[in-house]
Every structure is written in C-alpha cells, then in structure tokens.
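Each of the next two complexes has chain A plus one other chain: chain B in the first, chain C in the second.
Let's turn to the complex of A and B:
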C-alpha cells in the first residue's frame, strides 16, 4: 500500500465531506418551514420572527452564513441550537458515544453469530442444519425491528428482570451499566444484521468452495477446518466487509427506531428532531458527523480489502 | 415523559411541553396554585385582595422565602418578573390580557405588590397569578444568565436543577433551603425523555422507571393489564377538529354543523380511546357555570345529511392528523363517519411541527391534532374565537362575539360576566368554528410503591414533584 494511495483516499474523503457540508447547508435552506415557527410558536408577530432571524443570523446572505458556519466547524464549533441553546458540538459529543457503542456492539454480535453460522451452513449445504439456518435468517429478516425490541424488553426486562428496559448510562459513569443498558438495543439491531450477513457470507463461501484452489487444497488432504478457515473464509469476506462498512455508517444515524424504543440519547433521534423542528445548526452538525464516520469507516474498509485480497493491493 | 425538554424559562416562547413545565415547576414556585374546584391555593403569595371595582389587586407575599441562589424572594422579584412578561411579550402560556390590562406594578412594601389594571378583570388572580405566568424566577439569576436562563433556572422551588440534557433527561435535586424542604420527599428526580409510551409502560413494569406520563390514554389498558396503578387525568379542555373557514364548504355554517352532527363521539371514545376519555361537545368543562347546557350539535346523522342536502354541493376535505398517536385511530373513525353522511375526506398524517406550519400558513382544511386550541377559560376562547384572536386559526368572524368579548372585559364581577360568557359560548357553539370531540385526557402509570400525585391544574400530563414519593 503506497503513501500516494493513502493520500489520494484521504483527499477524496475530505472532498466528500466538503460536498456533504455544502449540500446539507443548501438543503436546509430549501426545505419548507422555519425554525422561528417552532421556537416562537403560533402567535409570533412578524417583528418577533424578524428579530429571531436577525439574532440567529438567518437574515444574512446564504454564502455569508455558510462561510461563518464552515469556518466555525473547522475550529470545532458547530454552532448553537436555537431551540435549546445547547452548543451543537457538546450535544454531538454526548450523543455520539451511545450511537457508536450501540453500533459497535450490534456489529460485533451480528458478526459473532453470522460468520461461523454462514461458514458452517455453506459447508453443510442442503442438509437439515443449513435449511434450519436459512429459515431462521428469513424469519429474522421478516420480523420488524420494533416487534423484536418489544419482545426482548418483555422477556428480559419485564419477565426475567435481568436487564433494564430503557435508558442509557454513560461509559464514564459505570461501564458495566453502560453495557447492560446497550445490550437489548444492540441485540435488536444485531438480529436483523446477522440475518443479512449470514446470507451474504454463505453465498460467498459457497462460491469460493467451488473454486479450483479449494478443490486442490482438499485434494492435498487438508482437514475441512483448514480448508474453510485458511482457504475459503478470507476471500469470501470481501462482500461482507463492504456491507459491514456501509451498515456501520448507516446505523450511526439511522437507528432511530431502536433509539426511541429504548430511550437512548443517540444521533438518529437528535437528527430526526432537528429535521422536524428545522433546527439547521443541529441538522448540519449531525449530518456532517455521520458523514465523517461513514467516510472514515469506508476508508478503513477500502484499506482492509488490500489486506484480505493481496491481488487488489497489487492491482493499484 | 413523552416530550423533549427545550427550555425551563417559563416566559421563553419555546417553553411548551409538559416536560418543560414539570421541571420548571419543580425549580420555581407560582404565586398561587388552583385546586380542582378552581379555588386559589396560596404558594409564594398568601392572598390577593381586589379593590377599585376589580381594577386593583393587592397581593401579599410570603415572608422569609429565599431563591436557591441565596437572594431574597420579595416584591422586587415579582415586579421584575411581570414587567418582563409585559416588555418581552413572548410568554405564550400567559393570558394575553396580562400584557394588555396590567398597567402598573408597584411595591407597597417589600412583601406587598399592587397590580393596577386599565380595566376591570375579576379573574386576574386565577388567570394572572397562577400557572406559567405565576412562576417566579430569581431576578439576579435571570439577569446573570440572560438568554441562557432556560438552561440555568433558579427559583424558590423544592428542587434545584442538577443537569439538563436535551433529548435525554433533566435531573433535579432537592433544594435544602426551600421553604418547602420539610414536605419534599424525593432527594433526586430524573425526568427522562421516553418518546415511545409502550416501552415506557414496560419500563415501569420492569422497574427501570418509577412513573410514566402520557398526554393520551392510549396505553392505559396495557398498564392496567400489567397490574400497574393507572391514573386517568381528564382535563378542562377538549380535543377536537379545527377548520379552515375559508375553504369551500367550510365557509357555510350548515356544513360545519353537519360535520359535528356526523361524529359519533361515543364510538370514538370506545374504539379509539378504549373508553378512557369522555365524549364532549363543549368548549369548556361541561360543569363550568359558563358552559352548562351549551355545546356544538351532537350526533344526528340524519340531520347532518339533511343539512348537507340543503347546502347542495359535494364536500371534499383533507383531514390532517398527528403521526404515532391516538389521533390517527380517531381520525380514521371520523373519516368513516363523515363518509356515511356524504362527506369525502383524505387523511394526511404529519408531524406536530408540520401540522402547525400547515395551520399557520392556512394550508389545511381540517385538522384533528394538538393544533386544536385548548379552551379552558372564556379568556382562552377570546384568543381562539374573537376575529382578531391570535390563535383564531380558522378565520372565524362573529361581530356580535367581538362586541361581547369587549363587554366581558369590562364586566365588574363574575356575576356580571356570566351571562355574557354564556352568550359567547352559545354563539360559538351555533357557528361551530371548530368541533370539540373528546375531553383531553392524559395518564400516569406507576408501580404500587409510588404515590401518584394529582395532575397539575393546567395540564393532564404534568404534576407537582413535591407530591411524589416512594413507599419504602
């Protein structure tokens, strides 16, 4: 992997982020609705609305507003929510932690279930175990997330009383409690993810098992375990790695249902609230942060390709 | 709490939700509370005496009370607060007359305030010195914090703000120097934002939270089945349908009356609310002397068809409603009931902000949603139904009512005001500018160890935190 390649990818990532910043800002201006309505309410006079626009800078030219916001972002200042008066950077810091931890846990659980199951099912293709795993994955794919969440809460919080039903404890307060509060939401997300990952990886492993070099490995007398782990799994992982990267970026801001059901103060709910109230400072900051995570994760995924398949690395 | 927190400054324009109110009410005390019978209950004020034909009110304040920042609660604090309400004009929860009629606020002595009004207003103490307007902040803290007071509130209340995390929670801790300290039981209260009421009920069952609050009774049956204590709070105001009277069909009173007559409120209560609310045709509480015996036309589908036939043109309407709420089930029933008398409707499901924007821009036909003006007093009716009322969202005009509202303002006492108020309500009920459907109903659910407080006099989904305790 050359330094030039790395620099190119980082440059591309920064360009994407700049485009996201401009697009988000522009979208915020063309969306119908006005934050002044949400803040000042039904009976605001035109004078009060004008004063509000002046106070929040919304009456300045769009280019000036963008530049002021963008230079602030470069200094770590994402502005202030006109609705709550809270600094957006502070709010993002508070909300990024539960979202990141939730997605990390969910991805870890999903991969821990999907990878061994997919390899095993592919190896046992057509047998009862494979059919059972396929059926289970279809069931999980067809089950709505909210139904899984409500069921998990009922079983583990209400009936067994082993886990909290809702809420979040910050990591710096009590790491064990953080894990306990995130367990049910992470499992809710993970079940759906695991089903997708299982199907993608199983298909990849089946395809690889038909390759000549795998047949050659078998002919050399390697054990099934050696064939699967050393010769089959690694080349089959490429589509899965792509999917994991995409899902990671998506779930950082897209786990709104799970966040709301489990009362987690995450980025998804924060962004949704900002859209509903037209709180543009919050919306821009959240979208930019999510885009940043998206770009970073997918940069990491690109780099991982080269590790998983040296042919990709050498082709560059 | 099924709401986010926005600000704890009661006179900020975005002070709106029951979360804001419950937290602010814990930190700040009002001059008076109002009990279930509408009588004043002394809090920071001990009494209010009217004179000069209800044009002057002398309010005696409690002595020896301090704000949690150590400064004294006195007449200067009350004057500063009410002067700010008048000057800023941003307090949406304050009666408009408070800004319009209060002409001077002076201190007779450090613990006596005199309010001079430009016209008689018999109900000034009940309306002006209670609720949101009555919550007194520390003027020192307010001056220091400026616009940030909503995140750093200071009052005389039983609690102090420990932390405010928009989107997640507000933490209040016991204020040991409060005048209420010896009757405050919780050491700490965390008001947690929990938007999904179903998982909130499950959280109470699991013991993750102690009490859940909802502004609608949609989870009452689930909570009862789970063995929880459930308290249904019927409010003074109705929930109902607002109408844009500039739209074809809705500009004709026969159509509006027909729409009201087509609604089977009993069925809506039974099906959409599991029987947990109360059907109503009244704008105020049914037993209110001003309201008794008056209401918009009740269920009579035959008469509705007759009125629509007299109108003679097809009526097609859009009916807006709020996503994820009891309103949707009720709206679907209303759609069927209107169809049964020949009115075609399409339902538009929207967010709360989307609904408000449509309504404010007059970009709607009808809306069964929180946009319905909560009419708890005749003063609130003026805001909603006088032709220049700031919340007259449907364009309703009745010149006789405009004159009557003026006469009502000049009435020297309650006895003189009563017939005027009843005439206004009769006119409004005949004109049907909006349609009350059910009484606004909220609920609290808690496990057996919790003492459930009574709801606040003003909201079906808020309570006073000093009334809350756990049995150990």
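Let's turn to the complex of A and C:
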C-alpha cells in the first residue's frame, strides 16, 4: 500500500473519467433527435431552428464545442440546460444530495440486516434459522422493486399514515424530515440489496468456516461469537465489499424506479429526462458526475481490500 | 527421555480412555473410525499415537474435545476421563472451558491453522481473553512473553506481523505458543512437524520436549514417523483401522514388536545403517473398508502370519509371554534374539540426521 500504488490508481481514475467525458459527448452528437424541436415544437421553421442552434452553440465544430465544455467542467462549470436555462452545476448539486443520501441509507440498512443474518445462518447451516433466512432472501430477490414500494406505501403512508409517501425535503431545511422522506425509498432499495448481500456473505462465511484456522480457533475454546466475529467475518468479506462498491456506483444514477415512485428529485430521474429531451449539457454533466462517484467508490473498495487482507497488501 | 519418571501405571493418569469408540457417518454408511481404545497418559509424559492415514488417530483426538461436527458423529461410546471428569459426558459449553484452557492442540500445517488476516498477537490474545480475562496491553504483553518462551527471536516485532511474514518453523512455534497460552495440562500435537523441513522438525520436537518437562504437561504426539516416535515419546500406541494394534513403552514396542503390522511399519521405515541399495519393504494390500463390520483382525488380509482364527475372531489386547507391552494378535511375532534391535537403528539414524 505505497504512495506510488495510490498515485497509479488515482491516475487510472482520471483517465477513466476523461474517456467517459469524450464518450458521452460523442454519444450526444450521434444520437438522432434535436433539442430545438423539443424546445420550439414540431411546427418550428428552419430559420427558428438555425437561430436556436446558433444561440446554444450547436452550429460550431464538435471539437470546439467539446473543448469549451471540457475547460468549463475543469472550472466547475457544466454549462446551462438549453431547456430550462438553469445552470447544470446548480441542478447537479441539488439532485446529488437526495441520490447520495438515498444510496447511503439503503446500503446501511441492507448491511445492518444482511451481515449478522448471513453470519448466523452460515453458522447454523441447514438448521431452521438458516432455512428461514434462505427462503426470505429468495422471496425478496423474486419480488419486483415496484411491488415492494407499493406495499410499503400502502402500509406506512396509507394505512398507518406514519411516513410520507412521496416528496423530498432538503437536508438544510429540516434534517429529521429529510430522513422521514427518504425512509421508505431507502427501505425499498435495501430489501433487494440485503437479499443479494446475504447470499454472497453467507457463501463466503461457509467457505471460511471450513478453514483449518477456524477448527484451530474452536480448539482454543473460543466462544462462537469470538470464532465468528474475530476469526471468520473478515476473511469472508472481500466479495461483499466488491458488491457493495459496485451497487453504490450503480444506484447513484440507477435508482430511477424508486426515485420516480417516491417522487425524489434524484440524479437518475434528471438524467432520464435529459435523454428524452436531448438536453446534452445536462446529460453530459450527470453522466460525468455518476462516473466520478463510481470511480471514487471503487478506488475506496480497492484500498479497503488491502486493509481487510494483509495477503493483498503484501502482494502489491 | 524421562527414564527416572515413574511408569504410567504407577502415576495417576491425567487422561484415561476405556473402550473409547467413535463411529462416523459417511456416504457409504457408518465408519468405525475409533474402535474400543484403552489407553492412559500421565502428567509429564508423552504418548505417541502411530498409524497410517485413516487409522483413526486424528478422529480420536478431535472427538475427545468435541471438535467433530455433530452431524458427522454416528456414535460415541466408552469413557474418556480427564483429571477425573468423563469428557464424553460434557456438553459443548463445558467442553469449551476444557479446550484451550486445560487441553491445548497443535495442528499439522501452521500455514493453514493460523488466521491469515490477524496479526500474531491478536490470535494469541483471543484465548487469553476467553479463559484468563486478559485484555488490551496485558494480553499483548503476555502474547509477546509466550512468543519469547517458544524461541521466537525479537518477539515484540514478530507479534505485530501476520503469519505470511513468518517462516514455516516460526509459524509452528506461534501455533505452539497459542496452544500453550492458557497453561494446559495436556497438549495434543497432531503431526506437528509433518509440514516442516527436517532440520526445523528436530527443533520443534526438542521445543515440545522442553516445554513438556518445564510444565509437567502430558503430551499426545500423533505421528507416522517412527524415528520421531523413538526419540520423543515414553509410550506408543500403534493403531490400525481404528483399533489398537500394540501399546506400551516406546523402547519395548519398537525393539520387539509383536503385532505383524508394527513389524511391517518398522520394516517400511528407512534407516541410515541398512545396506546400500536395500529396498524398503512396503506393506502389501490396502487397509480394510472401515464401513464393513470386520469379523476378525483388521490386518488379517495383509498379514504374513495370518491364521484361520484371525479371520473369525477379533484379537484382544494382551501381553504376549516374554513381552513388556501389549499387542492385539493371535499369532504374535516372536521376540527378537537379544542384541539385535531395530529401535537402535532408527534412533541412531535420527540422532545423526538431527546433528547435521
């Protein structure tokens, strides 16, 4: 885990982001459809469209457009939405918060349920507790997200009335209310995640429990808790850590269904709208931000590997 | 080796097995892994358990401490008195207080028996916390002391390292420190040197001898190396197919084996003093299918001295006329003429190899 290794990884991350920037930009140019028709309507005259293109810079050469956008990004300016006129950086700042909070909460809930359950089920392999947990995880995996969401809304918002069904209150207005509005969508996401995490970790723990050092730990008279927590959990965590990292990156922009169902103003919904209207400044900015989070999280995951397993640390 | 110590029959044995039997479940039916073993070990003495793979040595030791999975054990019978308490009557919780605290265990392969993701001292600190209530600095200080006592140089630095940073011999020393961390009265060493280089083997065995003497500990040394047994045990039990074949003082068993299986094991062991180019005598045939109920002696099919009776009646452990130890055989090997003994050949060879 040297500084040199860290530097290499950061360099790789920046290279990935540069590639993402070029690709999204290019993708926007080759897609059929025109923002002008979306803004001005189907009845717009060719003159009106040409004027719109000139105003938004769409008539300049692609390389020039890319360069002016890219230098802007380096200064924190992602351009403005041609559709709404809003600065993209402001919109991203507003929408990143609910997305990040949603994913953080969902991951936290999922791990809080899946980790203890997986360790316990693996320890009691084949017994009633294990069978019940396995059945529950299959049920959750097979249930579509929207069904879970609708059920949760029905129980907690409609019948009990304890939690809001839709909407979002920003963190700086009322943190408690932010948490309440995020609770149901986070639980919806978490249930699906927990089922996957449970299965992956349970398999890892079962594998570790077969190791000689676990038998040796039992031969030392350690309690089941010591054997499981001190000896078994850490060597079993690597596949789970990978998966948590991948899901984190994916859900930042990919939780569209949940964002839509609970009317959360998140990044996924924002990007989806931009694709539909060909609002390229918005699309490019959102994709770049999501890619940035993805790269950052996976860099953290790689570093965490070394912390969890000295064999990886010393192999580097 | 402890020649002035009282004989095991005179001292009160620390561990005393009577009719100890373990049957295991296998896909092919019940396996008689350990079948009616009678043996005792006293404090300060070493009992070697010898036999080929699958003869029941490891099952015997692991089942004593309840380390076999519940689902694997089909039947456990007989008694195993440890300091007056029958281990077979104890539940999991009570056994947990015996494991590590009163009986330590060293495993064959220190590469796999140490946790790769925990620093050495943390692994030792866990049983210290569990059995002695030591935590934090006190636990770490004690771990460093233990590493020092098993001959690890620069123990304070080594304590913070991971197993992969240590050599094989050093890992086995860590394993021994771990097994001895709570001052057990009995140490079970399951082929402790099989995975190590020959020169390191000798060091580890000498370390075990020293620790046994210092702590007046009883030791069960599982091995398939007769040279190791000759030099590092007081008594030896030879096992074949889960049954006892021969039991008694090591010198007597190795010098004058009565059971043909023991004889064959000795003939299969290399010595430095045999004529050059001499072929080692392999034992013909295979061990019996242990899921079958054997009507006679388990070794009958491979035995050069087999008689009709051997196939129909199980021989009991008895002391053949003129022998200093017991054997289970209907047609024992006659005692050797005075003067010629295999044991001298083996231990001389071993001493020579450990000197180099």
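Everything below uses one rule, namely that the second predicted complex is superposed on the first by the 316 of 316 C-alpha atoms of A that agree within 3 Å, B and C clash if a C-alpha of one lies under 4 Å from a C-alpha of the other, contacts with A are read in each partner's own complex, and residues count from 1 in each chain.
What we mean here is this: a contact is a pair of C-beta atoms (placed from the backbone, for glycine too) under 8 Å apart; a residue touches a chain by one contact, two chains touch by 3 or more.
Computed from a predicted model, the values in this text were never measured in an experiment.
*Asks:* Kindly say whether there is room for both chain B and chain C on chain A in the superposition, answering fit or clash.
*Replies:* On the shared chain A, the partners fit.
*Asks:* Once the structures are superposed on A, label A:80 by its partner contacts, choosing first (chain B), second (chain C), both or neither.
*Replies:* neither
*Asks:* With the two structures laid over each other on chain A, which partner does A:158 touch: chain B (first), chain C (second), both, or neither?
*Replies:* After superposition on chain A, A:158 lies in contact with chain B alone.
*Asks:* In the superposed arrangement, does A:167 touch chain B (first), chain C (second), both or neither?
*Replies:* first
*Asks:* Thinking of the overlay built on chain A, is A:143 touched by chain B (first), by chain C (second), by both, or by neither?
*Replies:* Touch partners of A:143: none, neither chain B nor chain C.
*Asks:* Answer with first, second, both or neither: which of chain B and chain C does A:211 touch in the superposed model?
*Replies:* Only chain C; A:211 stays clear of chain B.
*Asks:* First (chain B), second (chain C), both or neither: which does A:134 touch?
*Replies:* Touch status of A:134: no partner.
*Asks:* Spot which of chain B and chain C makes contact with more residues of chain A, would you?
*Replies:* Comparing chain B with chain C, the partner touching more chain A residues is B.
*Asks:* When the two structures are overlaid on chain A, which partner does A:242 contact: first (chain B), second (chain C), both, or neither?
*Replies:* Touch status of A:242: no partner.
*Asks:* When the two complexes are placed on top of each other via chain A, what is the minimal CA separation of chain B and chain C in Å?
*Replies:* Checking C-alpha atoms only, chain B sits 48 Å from chain C at its nearest point.
*Asks:* Once the complexes are superposed, what residues of chain A are shared between the chain B interface and the chain C interface?
*Replies:* In chain A, no position sits in both the chain B and chain C interfaces.
*Asks:* So in the complex, which bits of chain C are touching chain A?
*Replies:* Interface residues on the chain C side: 65, 67, 71, 96-101, 105, 107, 109, 112-118, 122, 126-127, 129-131, 162, 164-165, 175, 178-179, 181-182.
*Asks:* Can you list the residues on chain A that touch chain C in the complex?
*Replies:* 126, 211-213, 215-223, 226, 230-231, 234-235, 308-311, 314
*Asks:* For the complex, which residues does chain A have touching chain B?
*Replies:* The contact residues of chain A facing chain B are 32-34, 37-44, 48, 81, 83-86, 91, 94-95, 149-150, 153-154, 157-158, 161, 164-168, 260-263, 265, 269-270, 273, 276-278.
*Asks:* Please name which positions on chain B make contact with chain A in the complex.
*Replies:* Against chain A, chain B makes touches at 4-7, 13-14, 16, 89-90, 92, 147-148, 150-151, 165-169, 192-196, 198-200, 202-203, 205-209, 226, 351-354, 356-357, 359-360, 390-391, 393.
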